C-alpha cells in the first residue's frame, strides 16, 4: 500500500530492519503462538501504518528472515501482532524468544486486501488453519469500522480442534456477535472428539448471514481449498469481482527483487510479494499456476 | 548524438587511459572456446572479437555473492556494508548485454532502489562494442540487436578503427580530453563503412522475423510436449540462469561467526533450476519437479520487461552455449511458437 | 588407557598386562598390549583396530586414472605421497615419461607434504608429551610461540600443496602425465617469499627438542632402510634402496626383499628384511644419507649429532626436525630453479594406453618408504595393485622397542602400568605411525 | 542470543571427534582450520584422540563429529555408543555421508572376496563388513560432505551450532559454482566426464578450477536432484563408454540407490 512506499522512501536501505521489542507471547495451539511487538523508535511507532493482508519480515540475526502476515487490528499505534507457526529454522527460534527480546522488522509489504472496495458490502471471511492470521486482521478492521460494512460471516476451519486459531477469542465474541449481525462459524475436518461443528467450510453455508449479491469474500488457506470454494461461491451467486484470496510463496526480500515468489506465465509474470499476496478471482482463474 | 572516430592503435591507448580512471574490465579469451570479462592487466590481452562471455556483465553491479550487512546479535544491530564508490569500467559490452543491464536496472533501481546495486551502477561506466552473430545469437528477433541507450560509449567496428557513439554525459567527458588527439572527426566514408557492417551483420543472423507473438503461443501451449522431452535431459545445474545476463534471483543467508555473536548477512545468486527456489516450510514445493522448474525459466525469460519494451531474454545465446546437456533454448522456443524458418 | 581386565593370562604363571586401548595423538586407531611377569615381557603387540579398506581390491578392473585418484585416500597425512608414488607406478606401467618440470613440481608438492606432516607430528602430536600437556590446545596456552611456529610450518606445507595440488588433503591436480593446471609464476614467487620468511620458525622444533634426552631403554642396534636420493642430494625420490648393513637393491625388487605376513591381532600386515625387523623413516634417511645435506640443515645436524642416535627410535623426532629445516631450503631452491626456465603452459601428457604392463615405484613418504606396484591391462584397467606403507614396515621393530622399553622399566623396578603406559605411547609416537595407511598392504595372489 | 538450550551462554558446548574406518582426513581438516584455537577456546573437546590424550570414549557430548564408514563390527559398536552419548551427531566427510571410496566395489564384490584378495586364506580376528554410511545405522542430524570437507562449511556448521541452529543446506551442484567461478566448462569444451552437474556444491569447483574433471568427492546432490540419467545421456552422446561412466559415478556414489536404475535407463533402455 502507499504506506509502505512512504516508509521506504524515508529509509536509505530497503533491506534494513527496525528494532521491535517482543512484549508478550501466548500459545494459540501446539505449533502456533501469538506475539505482540512494539517498535523501539517512537518516531516509527507513531507513523507505522499497514492494511489487513499485508505482511512484515521478521529477522532473527544469525538465522535469517521470514515473511509473516500481520494479524492485529490496523488501528493499534506502534503495536502489532504476529501469529507464527513453528515450521523450521527461523520460526522455531522465534518461538523460543522471551518477552523483552528485540527482533528486526521490515515492512509492511504486499498489497493487502482492498478494504476500500469492500466498503458498504457484507463480508464473508473464510480461513483454514494458519489462514486465520491475515483474516483476523481483516475481521478486526471490519469491527473497528463496523459502520462501513454490512453483515459479516467468519468461517474459521482447521483439521483439529486444538488447531483452530483464535478459537477462544471468537467464542468470547458470541454475544456481541448476535447484536452486531456477525455470524461466527468454527469447524473442524478431522477431529471426531471436537465438541462443535464438523466438516469443511462449504458444509456450513447455511450459517452464512451475508447476501451473495452484495458481499466481499476474503479467503486464506491452502490453495487446494480455493478451487472448491470458487465453484461453491459462483454457484451461490457471489460476485466474482469481490472474491479475494492470499497466496503463499517463498520470499527473501518482500520487495519484488529476489525472484522466488514469481508466479504466472509469460504474459502475466508477477511477484506474489509485491503484486500480491492478495489476488482476485480473475487473476487466479486466468493465470495458470497460481493455485 | 555525438559521433567520433578512433583508430585501432589508439584504442589501446584509450584503454590505458581508462585504466587510470578506475578498474577496467574487458573480454579475455580464457580457453579454447570461452571468453570472460576479466580485469585488464595488459591491454593487448583484450579481445575485441568474441561472441559471449561466460559470466554476464551484471556481476559487476550485482556480484555473485556479497555481504549486505554485518550484524551483532547482542546489540540486535545490522550494519550496512555498502560497496565502495570505486569506478568500474566495462569495455566491450555487446548490445544484448546492455539491454540486459537495463532490465536489471528496471528491477533494482526504478522503484525502491537496491542501494548496493545503485552505488555500483552509479559508479560504473559501460562501453559497448559491435559484434557479429553466431548460430546461437537471436538478439535480432528480440529486437535488441542495436541499442540507443544504456551505454556511455558504443564502439562500432570499421575497417580501420571504430566509430564511437556517445550515449551519456559521462561518455562525453571520456571523449572531451582526447578530442582531436585520439578521437577524430567522423567522415562520410566511415558512415558508409558502418552501414555496410550493419548490413552484413543483419544478413548473418540465422533466425529472422518477429517474435512478439511468442509469449502468447507459449501460454496457449503450456502443455507442449517439448517441455517434457527437454526437461528430461536437463541437469538442473543452473548454468542457463547463472550465465543469463538478465536473471536476477538471489538468496539471502545469515552466516554467523565463531564468536557466537556477530556475523554476516549475505546474498548470492540463486536459480529457479534449483530445488529450493520454490520450497517453503513444511517441505511444500511450488516447483516440485524438474519439469516445473524448467517450465518456470521458459515463462520467466519470455515475459515482458515493460521498461525496456522487450522480453527479459535478450537472445545472447549463453543458456544454450553453456548448457552441459546441450539443450537448445532458441530451437525449443521456435518449436513452441511454430516458427518454421528463419534458419538460413 | 586402562588396565584391561579382559585379557587372559597367556601362561599359568601370573602375567600382568599393560594395555592401552586407543593411543592418542597418532594418525589412526591403535592400541598397545604388553604382557609381563614382572621381569620379562612375553607379549608386545601394537593392535590395529582400523577397519580394512581393501584399496588393492576395490581398484581392480577400474580405469587406472580413476584408481590413481582414489589411492591418496589411503591416508590424509601423506595423501601427496600416495598420489605421487601411485602416479609414478602407473606411469611406469604404461610407459609414460613425465617431463623434467613435472618431476620437479611433484617433488615440490611432496616437500609440501613433508613439511606439513612433520610439523603436525612434532608440534601437535609429539611436543605435548615432552612439555607435559594432554594436547596442543593446552600446550599452546603456555607456549604460544612454539605452537604458532608449528602452525606457520603446517600452513606453508599446506599452501605448497594447495597451490600445486589443489588442496592439502587429497590433491586432485596431480595426474598421470602431469598436472591439470600449473601454478602461475606469481604463485611460485609468492611461495618462495613465504619460505624465505619462515626459515627461523623452521628451527623452532629443533630448539624445543634439544632439551629432551632420548630414553636409553630403547637403545638397540638396528637395521635402517632408506631410498637413495635420485640426484645424490637428500630427497624422497629415487630408485635404489640402501640398508645400513651395506646391502642395496633396486626398488623393482622390493617384493622379493621385503617380506610381508599377516598377523593375528590386526588388519595390518608386518614386513621383514632379511628375516629381521627394520626401521624406516626420517631417522633412517638421516643415518644413511644425512651426509648429503648442505647449508643450515647440515650445520644443525652436525651441531646436534648426539641427538641423532641411530640406535634410538626417539631420535626420529629430531631427524624430522632437521628435515623440516632441510626441506624449507630445498623447496626454495626448487622454486628458484623452476622459475629459471618455467613453462607455465606446458601441457600434460595425456596417457595413451596400448599395451599391458606393470610398474613399480618407491618413494620416501614422511614416515618412511612407500612402495606401489600397479599392473594394467591393455585397456588401461588395473589388473593388480600392491601397496606397502612405511608403518607396515616398521611395525615389527616398533613392537620390539616396546618390549625393550617395558623390560627396561621393569628392571628399574617400575611395574605400575600407569607409569609404563604413557612411556610406551611416547615411543610409539616417536615413530609417527600412520595407522590408516598400514592396513592396505597386500600381495596379489 | 541464547546459544544452546539449557546452557544460557555460560557453558562451553562439549564436542567429540571420532573416527570409524577412514583416512583421517576429515579430522585433520577439522584440526587444521585456521581458527582451530578459537574453536578450542569456545568448545570443549571431550574426545579427540588424534589431538588429545585427554580423550574419552564414549564421552557425553553436545555434538559428535563422526568420520569414516562403518566397516567392522567394532565400528558399528562404537557408532552406537557415540550416538547414545551425543545430542547432535554430524556425519563428517564422504565416508561417513556416503560410504566413501571404500564402497567403490559395492555390488561388484562382497567383503569376503575383497578380504580374500588382500589377505588370502589367512583369517584375522576382527570381523569386517561392507562399508556403509553411518546413516544406515543411526540417526544423523547433519551432513558435512566432502573428501575432505571444506573449511568454510565446517566453520559455518560450528558457528551455526553456537547460534542454536544448523546451516542452510546446499541443494545445487558443483556445476553451478563452476560457472560462477568463471571456469570454462571442460565437459562442453573437451568432452571430459566431469561430475560437477550431479555433485553437491560447496567446494567452489575446486578441481575444475585446476582443469581437472570433478570425480564427485562431495557426493550426489541431495533430495533426489542428482540426475545421473541426464548426465549419463550427455556423456553417452559425447562418446564416453558406459564402463567409464559407471566407474566414475561409483567412486563416491556407489552407495546411491538411484544410480544403477538411472544408468540402466540410459544404457539398457529400462525405465
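Lettered A, B, C and D in written order, each chain numbered from 1.
In the analysis below, a residue touches a chain if its C-beta (ideal position, glycine included) is under 8 Å from a C-beta of that chain, and two chains touch if they have at least 3 such contacts.
Just so it is clear, the structure is predicted and the values come from calculations on it, not from any experiment.
Chain D has the C-alpha centroid lying closest to the overall centroid of all protein C-alpha atoms shown. Counting C-beta pairs in contact, the chain pair with the largest number is C-D. Once the centre of each chain is set as its mean CA position, chain C and chain D turn out to be 26 Å apart. Work out the mean CA point of chain B and of chain D, and you get 37 Å between them. Separation between the centroids of chain A and chain B, computed from CA atoms only, is 39 Å. Chain centres here are Cα averages; for chain A and chain C they lie 66 Å apart. Counting partners per residue, chain D has 1, 160, 163, 168 as the residues that reach two or more other chains.
Residue positions of chain B with contacts to 2 or more other chains are 73, 253, 256, 263, 276.
Among the residues of chain A, those touching two or more other chains are numbered 61-64. Chain pairs that touch one another, listed by label: A-B, A-D, B-D, C-D.
For chain A in complex with chain B, the residues that touch the partner chain are 5, 8, 12-17, 19, 59, 61-65, 85, 87-88, 91, 102-104, 248-250, 252-253, 255-260, 262, 264-269, 288. Against chain B, the residues of chain D that register as touching in their complex are 1, 3, 9, 35, 38-39, 42, 155-156, 158-160, 162-163, 168, 171-173, 175-176, 179-180, 182-185, 187-190, 196-198, 221, 223, 225, 227, 230-231, 233-234, 237. Residue ranges on chain B touching chain A, taken from their complex, read 68-69, 71-73, 76, 78, 80, 107-108, 112-115, 214-216, 218-219, 222, 247-254, 256, 263, 265, 267, 270, 272, 276-282, 286, 296, 298-300, 302-304, 311. Interface residues of chain D, counted against chain C in their complex, comprise 19-26, 28-29, 31-32, 34, 37, 40, 45, 48-55, 57, 68-69, 71-72, 74-75, 100-102, 104-105, 108-109, 111, 113-115, 117-120, 122, 124-126, 128, 131, 147-148, 206-207, 209-212, 215, 217, 243-244, 247-248, 251. Partner chain D is touched in their complex by these residues of chain B: 30-34, 36, 38, 54-55, 64, 73-74, 232-239, 242-243, 253, 255-261, 263, 269, 271, 274-276, 290, 321-322, 324-326.
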